Structures are given as structure tokens and as C-alpha cells.
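Next come the structures, one after another.
Each of the two complexes below includes chain A, the first together with chain B, the second together with chain C.
Let's turn to the complex of A and B:
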């Protein structure tokens, strides 16, 4: 009885998550508490319904795509490691200077990885290209019923035209990065986690 | 059973008899008689002060333990928040992105427009305003109850001994005492109100009914060891008015009704609850609805209006949130009670969670389980503020009036004022909110060719 949240999280697990994601010890225990409170079924993993129970997320136009990001290919359950790995994308980049013991390789919250997260929001079939249809889908999610198909179509066409450099009528990841090179991605795709 | 047993049997019976008599006399003198007259010996106040000293000592020990191991003492996230949220709006953010990015105008789509929604979505996954209102408030430091021990570590042997002592006191002494009182209180209520029901309507009946109700509720208050502080009693609700309060648990009724007489509103239940309701209504007019009648909003409104128009009837007690919230916030007030033309007397109730959590998490605990938990906590400590009466102003509709009252209650009780519906505890959020967000974004994208959204349609 009672939610003895952190007693289910072992020290070794915390250390591993720390290395992989760069979160601090206290941030990990707090986020585990949050994970546990969302897990209504108390089975150590979150389902899509658990996320949709959050009203502020349910009214977010891109809510479903964001929830998708937490579930690896074809799976219906998100465990705590996966949860943390996805959240790690939103750590501010400055925090990396304070945390030197990350595994080699690019940290999850690098600019490229943040952009990859945003790219995957569009690229539903994971073919590393944003097709016109995929772009239209996301646009439709954001505008609802307020804009006509023709208008939306022309917006999509214009966007692809400006971004597409190799003429395949799709936006690849490198083209995506190029279009957004002037945008302050580090700030816009970061959340200030308190220590 | 030989002759060897008899003297012991007799002795045992005598001892039991004596202890029962002593027990009941003490009970009568120290608890029931003061309850009848509304007096107090101050025992509960002393009890509360002692408990606070014990809790403080426990926290110091835990902090010392933590320092030895070089860890930070666990602080629950609900206190400081896990993240610091950016308070920018959609429009501001999109303007900023475009200013720094390309030199385009606001009303053209950029692929980075998704960033705002993305970030907001992740922020709400980490910390949202609503879901945490439907579970018990987390404490800053441990209060020696197992049920509130989520993450508190560094509990030394001394603390464990203290906790064990606490268990013995609470379950061995306090719980039986409280159960006895509760049974006494409820039975007296049922018996006396039924008896009063035989009297003809008039001043005597009214007077007696008041006294009986107050006495029984006061016994129930002592049955929970509730230590209540009433503020601004000059604003107490008067006849012909409606009293509204924030809702945390069924105990709210007992707390308010032990200081004044109200007409209750509610659905008729079966079983013991139904019995109590039926006998109460014999002594003075309460408003009970059948389950089928509850859905009919016009019927409900009519009965409430009729009651309110009769100035000889007691003020109605209503909880406009419609469901129990965990006492850290006040959620949307349903406008039904604010459409009735009468004075509204707002009341704010704030519980002190250190002594026992009063919130009823109805999805986790049934009523009996909940009451047992209440009676095995240390105490229920709360403050009640009677706010000055409010009426609907010119040009104000029911929703705006409800929000105004809600804001006043939230301010007084130190609670967060939320627009969200308490019904989200069980139900899904309406699609209209998402549609509003989409409309807002569309308006920014294509300018004024989209029909502007009506801000009053927020709820």
C-alpha cells in the first residue's frame, strides 16, 4: 500500500540512467515519482491511455504524435528507461558542461538530436523523409478544421519547395537541418529541469 | 472447567466490569458532555502541540541521517516543481522564432512551428496542473504514518520505535475510542431526529432540531479528533442563503454542520447512509433527491429555489466542484447553484495535511476504508473561513459569478485557482479545448480570414 516510488528504483539503475541521459540523481528520483503517479495500472510501464489522461496533453494539437515518441517501434508500453531517454532530449544544452561523465558519443540533448526528435514528429513511417502527405497530416493536426484543403495544400507545397534541394519532393533530415539552421533550437526545444 | 477456574473467572469479570465503567464515565465526562454544550477542555489543542514537537524531532533526525550519508533529503516534486515552465503564449513564441530565423512574416508556416506544441506537450507530461489534484498531497517531512511514507529514507532505529509506538497508540487506543464515539453520535442522531419528527411543526421543533443536530455533529467531530479553527464567524450563512465551499471529503459536511445548521443537498443512498438521511429529514427540511431526479437540472434548480425563497428554512450547503479534490486547489464550480437568485456565502476549508490526510480518493478507497483511515490518523486539523456574502452583479452571468466566488475562496484558503473541471478525475477532457488551440494557431497562420474565437466560450 502506498506509493513507495523510489524504493522500486535501484541505485545501479539510477547510475546507468545518469550516464545515459545526464540527469542528476535527484532529478531521476523525482521523475520516477512522476512516472509512478502516471502509471495507473502499477505495472512499471506506461500505456498510451496513461498519457492521454493528462488533460493538458490531450488538448495539445500534436498530443498524439508526442505520445508516439515515447513508444519504440511497434511497442505499446513505455518503461522508465525509455521514458527518461525521451525526456533527455529536452535537457538544456548548458547542463552538459556540469555533467562530464556521459558516455562517449553524442549526448541525447544535442542540437542534432533535438532536431531529430522534431523531425520524427513529422516522419511517421520512419523512412527518413518527410513526404507531402506526412507534412499535410501534421499541418491538419495543428489547424483543425479552420483551413481548407486547397490552402493547406499550397502551404505544404511551398514549404517543400523551399526546403527541397535534391528535387525528390520530400524533405530529408539534412534538408530539415538546413532550413532550421537559424532557429534557436537549443532554447525552443529545452525544458528547465530544476535540481 | 473445575473449581480452579471459578475464582479467576469472577475476578476477571469484576475487572472487566470496573474498567468498562471507568472507561464510559471518562468518555461521558470528557467528551460527550462538552459536546452537548459546545465546550472544550483544550485536550485536543495540547495533543496537537505535542505531535508537532514530535514531528519536528523526527525531521531533524532524518536530516542528520541524510547528512551522514551525504545525500540530499528527498523533497517531493509537488512542492518545488520538477521544471520551471515558460509562460510565453503561442503568438509570442512564433513571433520570436520568425524574428530570429528567416525574415518572413508571422502569417506563413514554418517547420519550427511544431516546437512550441512539442515543448508544451513534454512540459505537461513532466508536470501538469490537473492530475496531481486527484491524489493525496505529498508531505514535506514524514509524520510517522506508514501511508505517507513514499520516499522518506534515513529512518533510524529510534524513529522506527517511535513509529511503532504511534501504531500502538493509534490503533490500540485512539481507534476504539473514536469508533465508540462515532457509533454514539450517529445513533443519537437517528434516534433523536426520529423522535423530534413526531412533534408538530413550530418553534419548539425547530429549536430542538437545531440542538440535536449540533450535538450529534459535535460528537462526530470528536470522533475524528478534528481540531477546527473558525474564522470570521460574523459572516456565517443566514436563512435563505446558499453556502458554497470547496470539497475535499465527506467530512467537510460534519465540520461545517457542527458550527451552524444547514439544509443538506444530496442524493438518497441506500443502507445506513439512507437511514440517516431519512431520519434527518423528519426533524428539519433537507433536500434529498432520488437518483433519477439528479439528472433533471430544472427539477434540481426548482427545488433549490423554492427552499431558498422560504426565509424560515435553513441555508443550503452545496459543494459546487461536484467531486472531492485534494485540497491544494479549487477546481471549476458548476454554475447550477449560482443561477439561483440569492445571496451566496462562500466558505473556505483548508486542512493541515501533517496530522492526517482528509482527501477521499474515491477511486482508491471505499467509504468504510476511508473512514477507518481517518480514524487511525493522528488528527484532522483544519481552518474554516467564513467569507463575506456575495451576490450576482449587474451584467454578470452565472459562470462569471461562479468564477468570482471561486477566486475568493482560493485566495482565502491559499489554494490554487484552476479553471479545469473536477470531472476530469474520471472523464475525458472535451474536444472543444483542443479546437480552441487549433483555431488560435490557424488565426495566426492565415490572419483574419478565420472566424475569431469567442473568449467567453472558455468553459
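Let's turn to the complex of A and C:
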């Protein structure tokens, strides 16, 4: 799909990605070479199989969901822009950015956007609520096969009971934020990208 | 107040009894049968030890009954003052007050505190900030030592007079003793100010890890002073020695930790002695490390950290509570004794006051600490994700308290190699007093003034646990995508290795397969069930139990399945009713598991009481010849 030349990174692209995501020039080129090495089909975009080839994702309980997060709604190919956009959520929050005048909305790596990313991983059907079933699915993935459904069910019930403030037996995004207010999300959801 | 006076008088009386007259038995004299005789020598040592501990505990009790005082002045200060008073009292009575014996300190008083700290060390913040902590501990202490040593030497050269004989090596040794942040003092002060977790773990972690540096430098300089000359090869060996001491200590601790975990796997039939294994293995780790001059503190910490997850999965809930309370009790008593003895030793010890030396030392301590922290933070912040702000740096610098370890190390110096030993001791005591009193008392108002973040009192929430684990998996996955082998990647790998191989060896039974989430959930449920019943405590316990469940059920529309409810009832019935009754546990091998054995134990109790009375009457009619202790002990044991 497309010639070799179009899959190489152009300066304008780098500038645009920099503005959108906040990564530095060297970080973008470094991540581009990683993108390129993952792209076995050499077609400028990653497919699901490319991701599944990564050993860490294969053994990760949340592997499938993470892979899905890279693909926009309904598509099967992830281009470099999308790749970077997803990874931008994990950039460390810098102090000077906290006070910067936000002209184009919040930066992708703000605390709210990080939490929104995590929330979307729970909430598969995108109805902005984590229902009991969605929670059960995630718990099952993390806990393994040895625990009975019933025990898992009581954990899920307990979790929802703790977080739910408006009584709809689901966790909405605002309830999710509230529950995690004591957790240091800025540190827990950041990766130190090498310069 | 009255109680204290009584205790002090009793103490004085007993000290006077040390030189009281003994039972001089004259075989040719026909004396009256002694109905009551005094033989103090026989119990002198344990009696005095117990008296000191009792005094310390009563002091502690007294302080907490005066909330005004304990709100302003940290406990450590008050204890030192009490020590000063007791020392003064002993001196007034003409005896020489006891000095804090270094062997007693290092072998008996210090290990409980360190074990308590290491066992309950919060692992997650510690590992997340490990780089920062190590930098402060190693580089910070090295900077302090050399800066202080060099400047002190310069000052001594300039001053001349009595200080002229202090050579560079002695100054460096003095620097190495006095620059180490003391874990006991830090714990004592930071416990009370409830500062946020990050700062607490930074200062506290630093105080623990700098032990390796202190040990190496102390022995190094002592050896050099003894040998007389230093070569480059010696310095290089010193550096190698540091790694050996630190890593060796951790290794020794790790080995003992694994042994303890492995032993706890088989203790399901002898639950009563489970806590003993934890304590013994840890103490052995400390002692073994000390044999080879490795860092005992690091061994103890490593042992506690390694054994905790596995031991807690294996032992019973009661043993866990026992361990927790014994550790807290011992460390509390140790800490109290240390501060009191520090006060007493001040009154006792030979002093050689030198205005210049002491004042320069204090100024240098503060200066080198501030410079070190600021300089290192500048470098560290380049690598940290959450930077340390100026306020954080100030607290870290201000929290560098010195304590009893410095005193004991100075006390161990030999007077032949170091003729200035008395001057050193005086200076160190002054520094300790300064840091504990001035810095200890002012840190709380400063924390409030600077509006430093306090520790958030958060109940453990299952949401946080689930989401934190979720985020960890997520981050490990993203790191895999980036091809970046960072923090999360290695932690993930360690967890998997742990789950697959280690847990299977060290955790007995089916608990080895239990995921962390489930054990966390179970613990939380148990805790909540206990809390629920204690809050609903009424005379009729069973009514309370059954009343609580439907009440909760109606308040929140929660459908607990029938089996779950039965499980909850079983837990409540099993655990709670037992804690309400006074269990009669006469057997030394097991604790009574059920309340059904009550009637049987009642009759046994009655029988034993009758038997005991019979034996007592027999004992009293026999002439009380001074029996040999082993025989008497055997008789008591057979009751």
C-alpha cells in the first residue's frame, strides 16, 4: 500500500506530530524506527498481527485490549500518526506544561486524558459507563482461571458499590476519576521516553 | 508526677542496695531463723534491666497522659530530658551513672527498631524512588564525610592550640561518624508529623541505606589510623569493600529471608511458634552479617522485605497480629531506652568541651547537609518523573537527624589511636542534642508553615488495588510496544518469575496459586467484618450478628448470595465470639480452637487450682534452704 517513499517520515509530518503530541524531535524519530521495525509488512501501517508478535503483549493479561486501543474505531490498520497519538498519553507530565495556556484543548498527556484512556480500556462498548459485566471481564483477565465466578462476582459487586455514588450500578468516568484521586496517576501512567 | 518520683526513689534504693550487705553466714553462730532475708545479688542483673525498661515504659505512659506536652515537644526530646534527670539523680547519690554500652546498643537495642522498619517497609514507594534514595544515601553521605573532614581539618590547623594534634584521618573519621543520618531519630520524629509518603520514604530510606557507607568508612579510617599510612591501593580496596559490605549484607539478609519463608510453609500444625521463626531468622541475619563486618542493618531490611509476602501468606491471622504487635512493642521499648540512655550517658561520660570544635561541627553539619541535598537534587531531578520541589528539598535537608548510632560508634573508638576521643564524644552529643531538640521540635511547625503535603489517610480500597494493578499491566504492555525496557517491564518480569517459581516453593498449600487480588480482597473482607461487629457491639452478640447483615443489605441494594452470607456468618461466629471471651489456654502447644472445649477446660482449671494449692502448702512447710536454682525451676515447671 503506497510506495516506500511515502512511508518515510517527512519533516512536515514530524512538525505536526510534535505539535499534536508534544514529543521531541529525537523521540519521534526514535519511535518511528521502532514503528518501522514492528511493521513487517512494510506497508506504512501496523496490523493486529504485528502487535501480537511483540512478546510482552503476548503474555500480558490485557494484551488484546491494549492492541485494540491503537486502532481507531472500526479500522484494521494503525498508521504512524495514530501510533504516536496513543503513545502520547504516556508522556510524563511536565511542570511547565501545567501552566501553559491551553489553546488547543488539553494536551494528550494530561491527567484527565490519561484516565480517559484507561477508562476506555475498561469500557468496551463506549457507553461511558463501566458496567458489572465489563468489570468482570477485566477481573477475569487479570486474575486467571482458578477463581470461581461467584467470588469474582462479589469482588466486582464490592468494587462497584465502593465507587458508585449515583446508584446506577455502573462506574461513570467522573466516579472513576474520584476513586483514583489518591493514586499518583501522573507517575503511574508515564513512561520515560529516552531523548 | 508522684508515680515518677516513686519510681525514681525505688531506683535509687536499688542502686544503693548494690553495695548493701550480704548474707554473711557464720557457721558457728547460733542465729535466729531468718523468716525474711534479702539476697539482692541473686537477681541484680535482671532486676535492674527490668527496672530500666519499666521506668522507660512509665515515662512513655506519662507523656501521653499530658497531651499539651506531647503535641509540642517530640517524644524523643522528652525522653532525653528524663535521661538527663535520672543521670543527674544517680550522680547526686554518688554513684557513676551507666553509659550506653555499645555492645548492648548494637546487639539488643538497635535490631528491633530496624526489623520493625524493614518488615513494614512500604515496598512500592521504596522501589519507585530507589534511585533517589541510593543517591542520597551513598553520594550524599560521602559528600558530607569528606566536606566535613576537610573543613574541620582546615579549622583545626588554623586554630592551633589544643586542636593542633587532630590530624586529617581523625577528622575524616569524625566526619564519617557524625554525618550519617540516624534511622532511630528520623523514625521518632517523622512518625509524629505525618508527612507525605514520598518525603517519608526518601529520608527514612536514606537513613537505612547509609549504614553501609558508614560501616565501610568507619572501619576504613579506623584501620588507616591504626596502620599509620595510606596508599592508593588501600583506597581502591576501600571502594571494593563498600560493594562487598552492601551487597553482602543484602545477600545474607535475602538468604535468611528465604529460609524463614520456607520454614513458615510447614508451620500449619504449630501455629504458636510461628512468630518466633520470623524474629529468630531476622536476628540471625543481623548477627551473621555483623560477624563478617557486613552491614547488619541492610541484612535485616533485606530479610524482612524478602520474607514478608511469603510468610504472610502462610501464617495464621493470629500469628500475623502477634508479629505486628511484638515488633511494635519491642521497637517502641528500644527507642525509649535508647533516648533515655543517651540522656544518662551525657551526664556520665567524660567530657572535653572545646567551643571552636563543637560550634564548627554544628555549623558544618547543617551546611554540608543543605549543600549536599540541593546539589544532588539538581542532578536527580533530571532523571525523575515527578520532580522534587524546593519545599521537598528543604524537608529532606532538615530531616537529617543524628542519633544514638553516631554516639555508639564514637564510643567504640579506642583512646590510644584517638587521644581526642573525649572531645569527639562531646561534640557528637552536642550535635545529637541540637538536631533532636532544635530540628525535631521545629520541624512540625515548619511543615505546617510551608504547607507540605501530609500523608493522606486513605482506607484501603479495592478500587485502588484493582485499578493500580490494571495500570501496571497496561504500562508493561505499552513499554513492550515501545521496545523500552523500563521500570514496569522489569517489575512485570519479576512478578511473573515470582508467581511461577518462587511462590510455589515458599507458600504451602493452595495459597500459592492465589492471585494477589484475591488475598487482598479476603483480608479486606475479614477486616470489615470484624469492624462491623465491634461497632455493633451489644450484650447479645448473636443478635448483633444477624441484625448487622440484613441492615447492611437494606441500606445498599447489594445482593449477597446465600453462600456468601453463610461464609460471612461463619467468619464472624468463628473469630469474633472468641475474642470476646477470655480464652483459657493452658496448653503450651496449641491454642484452643473452639469454644466447645469450654466445659472440659473449666474442670481442668478447677483441678489444676486444687493441685497448685496443695503443692504450695507443702512448699511452705519445708525449711527454706537456699535451693539450687535448677531444681527449683524444675519443680515449678512440673506444676
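Here is the rule we go by: the second predicted complex is superposed on the first by the 179 of 195 C-alpha atoms of A that agree within 3 Å, B and C clash if a C-alpha of one lies under 4 Å from a C-alpha of the other, contacts with A are read in each partner's own complex, and residues count from 1 in each chain.
FYI, a residue touches a chain if its C-beta (ideal position, glycine included) is under 8 Å from a C-beta of that chain, and two chains touch if they have at least 3 such contacts.
These numbers were taken from a predicted model, which means no experiment stands behind them.
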| item | value |
| --- | --- |
| Combined model on chain A where chain B meets chain C, clash or fit | clash |
| Contacts of A:23 with chain B and chain C, given as first, second, both or neither | neither |
| Partner chain(s) touched by A:161 [first = chain B, second = chain C, both, neither] | second |
| Which superposed partner A:53 touches (first chain B, second chain C, both, neither) | first |
| Contacts of A:118 with chain B and chain C, given as first, second, both or neither | both |
| Which of chain B and chain C A:150 touches, first, second, both or neither | second |
| Which superposed partner A:186 touches (first chain B, second chain C, both, neither) | second |
| Chain B versus chain C as contact partner of A:80, first or second or both or neither | neither |
| Stretch of chain C penetrating chain B in the combined three-chain arrangement, among 207-215, 279-287, 423-431 or 459-467 | 459-467 |
| Contacts on chain A seen with chain B and repeated with chain C across the two complexes | 31, 34, 37-38, 51, 54-57, 59-63, 66, 87, 90, 118, 121-122, 138-139, 142-144, 146-147, 151, 155, 158-159, 163, 179-180, 182-185, 188-194 |
| Complex interface listing, chain A residues touching chain C | 31, 34, 37-38, 51, 54-57, 59-63, 66, 70, 87, 90, 92, 95, 118, 121-122, 138-139, 142-144, 146-147, 150-151, 154-155, 157-159, 161-163, 179-180, 182-194 |
| Touching residues on chain C, where the partner in the complex is chain A | 128, 385-387, 456, 458, 461-464, 466-484, 486-489, 492, 496, 513-515, 517-518, 521, 556, 558-561, 563-564 |
| Contacting residues of chain B [partner chain A, same complex] | 72, 74, 76-77, 80-84, 86, 93, 97, 100-102, 108-109, 111-132, 135, 146-151, 153, 420, 424, 428-429, 433-435, 437-439, 441-443, 445-446, 450 |
| Footprint of chain B on chain A - complex, ascending | 1-7, 26-27, 29-31, 33-34, 37-38, 51-63, 66, 87, 90, 117-118, 121-122, 138-139, 142-147, 151, 155, 158-159, 163, 171, 176, 179-180, 182-185, 188-194 |
